[in-house]
Every structure is written in C-alpha cells, then in structure tokens.
Amino acid sequence: MPASPTRFVYLGPESTFAEQALRTIPEAEAGVCTPARSVPEALDAVRSGQADAALVPVENSIGGQIGVSLDELASGSPLMIMREVVLLVQFVLVSRENRPLDTIGEVAAHPQSSAQCRRWLRTNLGEPAIVDVLSNGAAAAGVAEGRHKVAICAPIGAVRYGLTVLAKDIADHPNGMTRFALVRRPAPPPPPTGDDVTTLAVSIAHDRVGALLAVLTELAVRGISLTRIESRPTGERLGRYMFFLDCDGHVAEARLGEALAGLRRVCADVRFLGSYPRAETEYGERVVPPAGVTDADFADAAKWLTRLRSGQPE
Amino acid sequence: MPASPTRFVYLGPESTFAEQALRTIPEAEAGVCTPARSVPEALDAVRSGQADAALVPVENSIGGQIGVSLDELASGSPLMIMREVVLLVQFVLVSRENRPLDTIGEVAAHPQSSAQCRRWLRTNLGEPAIVDVLSNGAAAAGVAEGRHKVAICAPIGAVRYGLTVLAKDIADHPNGMTRFALVRRPAPPPPPTGDDVTTLAVSIAHDRVGALLAVLTELAVRGISLTRIESRPTGERLGRYMFFLDCDGHVAEARLGEALAGLRRVCADVRFLGSYPRAETEYGERVVPPAGVTDADFADAAKWLTRLRSGQPE
Amino acid sequence: MPASPTRFVYLGPESTFAEQALRTIPEAEAGVCTPARSVPEALDAVRSGQADAALVPVENSIGGQIGVSLDELASGSPLMIMREVVLLVQFVLVSRENRPLDTIGEVAAHPQSSAQCRRWLRTNLGEPAIVDVLSNGAAAAGVAEGRHKVAICAPIGAVRYGLTVLAKDIADHPNGMTRFALVRRPAPPPPPTGDDVTTLAVSIAHDRVGALLAVLTELAVRGISLTRIESRPTGERLGRYMFFLDCDGHVAEARLGEALAGLRRVCADVRFLGSYPRAETEYGERVVPPAGVTDADFADAAKWLTRLRSGQPE
Amino acid sequence: MPASPTRFVYLGPESTFAEQALRTIPEAEAGVCTPARSVPEALDAVRSGQADAALVPVENSIGGQIGVSLDELASGSPLMIMREVVLLVQFVLVSRENRPLDTIGEVAAHPQSSAQCRRWLRTNLGEPAIVDVLSNGAAAAGVAEGRHKVAICAPIGAVRYGLTVLAKDIADHPNGMTRFALVRRPAPPPPPTGDDVTTLAVSIAHDRVGALLAVLTELAVRGISLTRIESRPTGERLGRYMFFLDCDGHVAEARLGEALAGLRRVCADVRFLGSYPRAETEYGERVVPPAGVTDADFADAAKWLTRLRSGQPE
C-alpha cells in the first residue's frame, strides 16, 4: 500500500503568494495542497489532524509582522516550525487583454498590495481609483470573471487565470520579501545544518524591571545572536507583551540548549516554536559566534566540571 | 480678532473609534475635526500645515502595533506626539430596528472588529455570515443606508446614525483598548508631570552583535524603564528592523536626557517622537525608578564633577 | 593497625594566629601540627605529601589580601581549600612580670601588629619606640627569652610562654579578623551545606575590552553573588592581573556548575580552588539568590530541553 | 625674592627605589627631597603643608598592591595623584670589595627583595642564609657600615655608598616594575594628553547584589576601559571592600566625566584620586575606545538634546 500523500494547507485563497511559496517546496508537488480561509483555520487543520502541514506567512519586509500568525502559534496546542520559505514579493498588473497604461482609471487590489505599489501607480497611471479587494487571489479572479478591468496580483494569479500582464515588478521596493513558516505537529526538529534559526515565544513577568534585558543577556552570554524580535500584545491589556525571538542556532546545539534552559528558568513562559534551516535567500548576514561557544567548547567545559566535582581538578 | 479654531484631523471615516477618541480631548470640542482617508493622509495634513494636529491609532491591545502609523512617524519630516488617548474598545451590534438575535444570519463588520467579537458571535448568533467592510464607520453607514441589515460598529456610529443597539459590550476581551497619538509639528513638549512617556524610533547598526542589548543598557544604566518595544521592518530587506520604544520619563528630565544623548551616540539613528503625560487609564504599572536617578541626584553629581575638574574634590 | 594521625602544617612560627586558628579545628587536636617557615613551604609540604593539610592566611580585615598565599595557590600543582577558619584578631601586651603601663618605653612587635594597635599605643603608652620583629611568635619568644621587655603578641603566645598579660584587646579595630584556608591535595569537596563558598583564580585575556565585565556577567546570569574579588599581578608586567573570586555556592550545585563551565569557556584560564562551608562567623550577609536558580529549577529546565529536542514540547 | 624650591618627600629610607624613582622627575632635581619613615608619614607631610608633594609606591608587578598607600589615599583629607612614575626594578648584589660568588654564605636583604631574587640566589649562590632587613636602603647601609658582608639593594644604594657590584640584574623577573604616585594637595589636574589615567576609590553598598557589575557597567557604557582594579578591606569587618580603579581617560573628558557622575550617583562613595598622564613605560596596551565616545560625540549629542527639549528635533 503506498503512503498517503502529504496533506498541505496554506493561507488561501488560491493564486496568492502563499500558494506560490508552497509550490517551492519539493514535497508539496507530490502532496495535496488545499487553501484555508484564514491563518487560524490553516493551523487548526494541522492541530486536528486534518492536514499534515500548514504554510502561513509570518512577516513581510514591508508590512512587518503578520500578527495573527504569531498569535496563533503562541496559543493553542503546540505546533512547530519545520521549515521557512522566503519569497520575493513581485507584483504584476493584469487585465484580460492588452491595453495601454494611460487608459486605466481604476485598479482592483488588496490594500497592502496597492500600498506597496503606490509610487509606481502614481508615476505610471496617474492617481487611479483603487478598489479594495480581500486578497491578491480575489483580485486576479475578479479580472478573470469580469468584475474588474485591471488588477494587481501575484505572478501565480496571472498564470492561473491566463491573464495578460500589463506590467511586472511594479512594487516600489524591488526586494520586498515575505517569510512563510511551514508548521507541523510537534516532532523532532530537522537536524542541525550549521546555519539554523530557532524561533521562540517568550513571556516576561510584567512586574520585573529589566526583564527584557535579562532575556537578551541569557542569549548574549552564550553567544547567541538575535536576528529578529517582535512584540505582540498578550490581549490582557495595554502594556502586556510577549516577544517572538528568532535566534541563530539549533536546539540540538549546546549553546542554544543552555540559553533556552536559562530562559525557561527566568521567564514567565517560553514556547519553543522550532529549529529549522535558514532559507537560502540573502536576507541575513551570518553572525560569527564569539569564541568559546561551540559544542566542543561546551563539552570540554562539562568534562572539566565533572573532574572538579570528583576532586580531580586537572 | 479671535484666534482661529484648532484644526484636527483623525483617521476616518467618521463614526470610528478615532473620532470617538478625539472627542475625549477638550480642545477638540472647540476645534474643527476632519476625517482623513488614511494615516499617511492625516499626518501629511499636519506636515503641510493644512491641519494643526492629527489623531492616529498606534497600538491595540488585541491586534498589536498599527504598523502604518509607526512607519509614517519614523519617516518624512519630523512630527511629535503631544498627547496620548487610550480608548476602551467597545463594540455594539446595531440595526435600523429592534429584532431578535436568533433571526440574524449575516453581519457586516470590519475584519478586525468581527475577529475581536468572534466568540460572542458564535455563542449568540451561531455562525453568522460575515460581510467584510472597510471600517467601523462604513459598517454603521451601511446599516443606516440600507446596504446591510445588521452590523458591528463603535458606539459613536450608533449614536451618529440613530441606530438601534441590539447588543453592547460584545467584544470577547472586555478590556480591549486602543492607544491613539495626537501628533503635531515639532514644538516644545508639554511640561513634565512626573508620570510621562517618551517615544523613540531607534535604528541600530545591523552588523553589530549585541546592538539591541547596548540600547537597553543605555536606558537601564540611567534607571529608565521600557513600557513597550516594537520592531518594524526598515523596508530594505528581511532582517533589518527599527525599534519603537516607549520609555518612562520626560525629555526634560536629566536621566532621560542623558539616556537619549547616549542613544544618539551609539545608535545609527534615533528619532525623538515626543514626551507627553501618560493617559489616565489603568494600563501600566508605574515603575519606581532605582535610587540615584532623580534630577537632584544628577544635579548633585554634576556639581561634584565640576569641583573635581577644578581641583576642589570635596 | 590504627590510622596514622593527620599531619598538619601551618604558617609558623609557633604561637602565632595561624597556630591559634588551627587549634580550632577538631581534627587538628588529634593530629600532628608542625609550623612552616613560610606559606610556600607550608603548601609545598602538602604538594609533596610530607603533610596532609596546610593552614595558611588568605586575608585580613585590616591588611587585606595575603598575596603570597593567593599566588602560591594559583600556581604549582593543584591544591584545594577544604575549609576556612576565621579568627578574631586579638592582641595582647605582654611582659615577664607585671609592670605599670607608664613605665614602658619600648615595645617589640611585628610591624603589622604594631600598625594595628597604633592608636592604642599612642593613647596608653605615649609614643613608645617600636622594635620590629619578624612574627608575633618571635615577639612572645623574645620576651620569654629576655631579648625584649614588652611585646605585642597573640593570646596563644602569652599562654605558650607563660607571660603576664599587661593589657588585652588592644587592637584599634576591635573586630579585626583573619581568614585562613585549610588546603589539601585535590579530593572531592565536602558536601554542600546550603551556605558554601567557592574560590576561583581566573585569568582573563588581557587584550579583550570588557573581559572582567564578561566574567561578572557569567556569574550574575546564573544568580551567583561574589563575596570577594582580589586582583593579583601575574608577574609578567604591570597591567596584567589575575582575579581571585569568592562566590556564593558549591561546585556540586547546578547554578555554580554552569557558571564555572561558562568561565572555563570564556576565560584564558580558571583554576578551581575549592568549595567549602562558610565559616560560622558573622562576616558576610547571606545573599538570597534570585528566582530560577535552584537545583530544582535547573533540573526542570534540563528536562524541558530534553523534551524539546525530542519533539515533545509540552 | 626667588620662589622657594619644591619640597618633596618620598618613602624612605634613602637609597631605595622610591628615591631612585623621585630622581627621574626633573623638578625634583631642583627641589628638596626628604625621606619619610612610612607612607602615612609621607602623605601626612603633604596634608599638613610641611611638604609640597610625596612620592609613594602603589603597586609592584610582582608583589601587587601596596595596601598602605591605597588605604592612606582613600582616607583622611583629600589628596590627588598628579603624576605616575614607573621604575624597572633592578637588584644588585653588593659588598665592600670584590669577592667570588662561591664564597658567599649569607646575604642581607629586605624580604621582598630576597623573594624576588630567589631563583637567582639558589642558582648562583646555592642556598645562602638570608638576613632580613627592613629596607633596601638599610641593606646597602649595613654593608657600608660593616654590619653585613653582602647584600641585595637597589642600584642607587650601590652608588650612594660606593659599594662594589658583584652581580646586577639579579631579579628573577627581568621586567619587574614598581609604580609610584606623586601626590599633592587638591589642585586642577594636569591637562589631558590623550593618554591619561584616572584613579578612583569606590565604595559600594554591601547589601546590593550586583553592585560591582553596576560599577563596571557605568564605565563600559561610556566606553571607559579599566586598566586595574584592586580591592581593599574597609577595616570594618571581613566581606566589606572598597575598590581602587585605574580608568583610561581624563576627568576633563566628557566620557569620563559622565561615567564619574554616574558612579557618584550609584555608589555609596567615590573618591577621585587624580587624572594624570600615563607613564611612558611599556606597561599597558592602549585600548582604543569604541565609537561614539569622543568629546565631539558628546558635544553633538548634547546639542541635539538641547534642540529636542526646545521642540526643534532636527
């Protein structure tokens, strides 16, 4: 009996960047890919076992954090990020047939998409009327179905619906990127590669001055660099936050393990959200760890400590 | 000749929480209040002199940071926050006439509003169809104009359009709050009250390990507590952030002044976004500063230093 | 066959504070106690196996560090402190027979002893001539053998030589104390008591800015307090130091173990000089460790980390 | 009327290293130089106005801190170090006439001097008997006056008494150095040279965990390096220390000034002991300060702060 194909869900609708990102994962080609109406729906499908993995956006280099994804990962039953996908955000201007840019008076677009193309639109189309739609996929579908004449969408939308691309690469920031997380139910993390990311959700005691400084010190003292820190409200009231940290390193490594255990001891709560290979996109300088924090350094120090405790100091 | 009334803009449309928040400011009652279509439009009106002050949301205790407000404050010509307004977010369910809850199959709402009432909707209306609209004001107007039967909106929307309130306090988090900033062109900050907030936008050199730790240390060593830290992408690419900090204290105070000057020296860039009285809502524990950081302590130390430098050590 | 009695050496000559301190240790009563001519000689006797344990002074509350003891412990083959003895330093003024204080024109004393009684001597004897001798024991012996008429010595010297005590408690600081270390060849440390001291000799890389800050941070982040820090020159040249640290805690405890391993990783050299019970004298406030650093906290965090690594996050 | 010559005192007796160090100061050649019997006597002569300046040793690269000098500087009426002198410690073996080394059975020496030549003595003289004397000057005088046959003394002693040098450079550490401080009554410090040392005596509150960490952080955050830290007992009881710090920089510089003022605010007590040029001996690597701490950086930041406070943020 052949193995069942892996069931993927992604933040839908179809023809959005999330689908495009999922298609970059080899296993997804052989799997079943289903859109979800929302991030909570996508993650709940994994939690309940209806799906094996979900791909959801976690941050965008222009718009910043995707709060709903962070919040949903930090609450509910545990999930783990097994992989990240970083996608260059390229927008295209589409219609059903070719037409001169100077005849376009109205453009359908998701508000974030039109915002990211604002300068291009002003320069090339004057100040067209923007019709807000609910997703890039809906913008493409709307053109295909005749509800809109012209729209901004993802390249995959143009392909899917056979639309004419009037202009491509129209984003104001040519290097805009979205980072997606492939999330599964808890399982052993993929093995360390030497260039991994570990994601944590950390709650600090709100009544302790310097608590965030203490968190950063726990990392710094073991030579762990942060590549990202995001705050999210806990929902209780203003002034209460949790922090999402992306650290250099892998939970299987000694330095990160000790730092994690340290956070566990000093923080009100720490949720481990996964260790996974850094995506091969050029988005972060690798930080060279300081001296003294390799696994070999930790092993040497542990052996030395064992000798000390048994009365054999050298 | 009487003085011209102060011209306020706020994030529109009318009948949203921003208008409701603006109405809590005494001067606004005597002023002219105009909605803006977006946060950038509101702030640009102040920058250009078309308006004297703008009220825009900066964070929500459920949804988190309002990225566009932070980004717009951190770029363009300088603006300063002169006041904060914190508003309890109360949603009401409205229609044109009274009707039983169990006859409602569809509700118009801004997506964030329906998300914040999800549990209440499921419990009280089953799983109604949600029609997404672009603002709480549009939801109320839509009911008033007959486009929608039932909507979720802000209390001010029900009053403005004379709608019937079918249910009030329907938010799942009863203490949800939104924090707004009243922004003006640069001017001397309001005088210290003893319980002030100072907002900063700080860029750190991306290639310096421990740079965030250094920022926090500059604050901690002068006894400054952080009540909020938000990261925002710089837009250049993933992995580049700036930080928005809300600090306890006022720029006129010695400890905050010295900490600010320290940040100026060690950070790639620091933008001062204002010192203003903490809103009288119960959203943050006051943190008692450690010993040695009052203005008197700084003045004593400065006098002592002057004596040392002139060769009179005691 | 009965066990051989334990062979103790102490910094001689006889009748000094070191002998008096050794006599407070119960095992010493049943052992053989031999004076050594110097601290190096005492420690070398232990290293070579001629003696089982050596008692040497390490600091004095008036005179400070006993440099030679620190230097000798930090170099040569490893030794470990198994016990500390803290002795109240009480000086007596002695002669062979009773005589009025106002007839005394000359007093024999070790220079440190006369220095510690300077005010008393001036007040009670005018300004007597001081004859420097090489130890408190030599002062007492000198009186007994007629070389001196009056001397300052330790109480044990008066007893040993049957001298008349003309005045007691003549030290200017009534609570002067000397701390001695009982040193043995490496062996398992005595078990933790809950109030232990751990002594380390730490060398830092001389070319690293902030290296001492890094050392203190390794301790602080695990909740370890320092009760003492002494610098000693390495002898290479001015500006090169090593540090002697007395930490709260025992090497068998998780928090101290992890801190030690951290120092091992980041310092040029760390020599462990023993974990032993704090002497029951009132010389240090016990510092209550911060939350999160008990052995139970460490064990909990270690178990949690094991679960994370195996993919079972909760 | 010609100005009176400057009156110098130095730690005597004559013919010691202190006199040799004093002779390296040009003004001393034209001044009156008088030996004092002890460090307290030398410093009291300055305090009382009997002398204008005192030269006393503060540390030795082999023996470490000269506790009595540190203690006397930290107490009593304020004094300030105006200059440091670093002297290479060279010992010579002297007698009245030439004689073969293998005929020497006894050597007179100050205990620290014989200790520093121990290896040389063993190698070249076998194990000669050592006769302890109270100073290097006394050793030379003793030979001159016939009380001793052979002695270890400072080169100046051989010159002064016309003694025959049997061997020179006999110290085991060829680069042993002693550092002396030239101390005066409070006066404006010598102007900054760009390579200065500032000496402080700092008392920390004994009941505050992490107090030393706080002291170091005050320095580090302003980019100040420590070249030396010494602890000294306060004399009250064991476990109470004060710290002597040698910092890179000059009190007239902004970074050091701000750090000093910070210490003043957070420490129980800070005594400023002088800013003076680093001696031109090769004893410390110059530490390059981090970015952002020049006087220009501080001035820029102070101007910026003034603009912020007046409402002109750019």
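For clarity, chains are labelled A, B, C and D in written order, and residue numbers in each chain start from 1.
The criterion applied here is as follows: a residue touches a chain if its C-beta (ideal position, glycine included) is under 8 Å from a C-beta of that chain, and two chains touch if they have at least 3 such contacts.
None of the values given here were measured: they were computed from a predicted structure.
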(request) Please compute the C-alpha centroid of chain B, do the same for chain D, then give the distance between them in whole Å. (result) 57
(request) Compute the distance, rounded to whole Å, between the mean C-alpha positions of chain B and chain C. (result) 59
(request) With chain centres taken as the means of their Cα atoms, state the distance from chain A to chain B in Å. (result) 26
(request) Give me the residues of chain C that touch two or more other chains. (result) 217
(request) With chains as vertices and touches as edges, which is it: line, ring, star, complete or other? (result) ring
(request) Can you identify all of the chain pairs that touch? (result) A-B, A-C, B-D, C-D
(message) Considering only the defined contacts, which chain A positions touch chain B in the complex?
(response) 59-65, 67, 86, 115, 132, 134, 173, 175-177, 179, 206-207, 209-210, 212-213, 216-217, 220, 225-233, 235-241, 281-285, 287, 290
(request) Please name which positions on chain A make contact with chain C in the complex. (result) 78, 80, 186-189, 217-218, 221-222, 251-252, 257-258, 260-262, 264-266, 271-272, 291-293, 297-298, 300-302, 304-305, 308-314
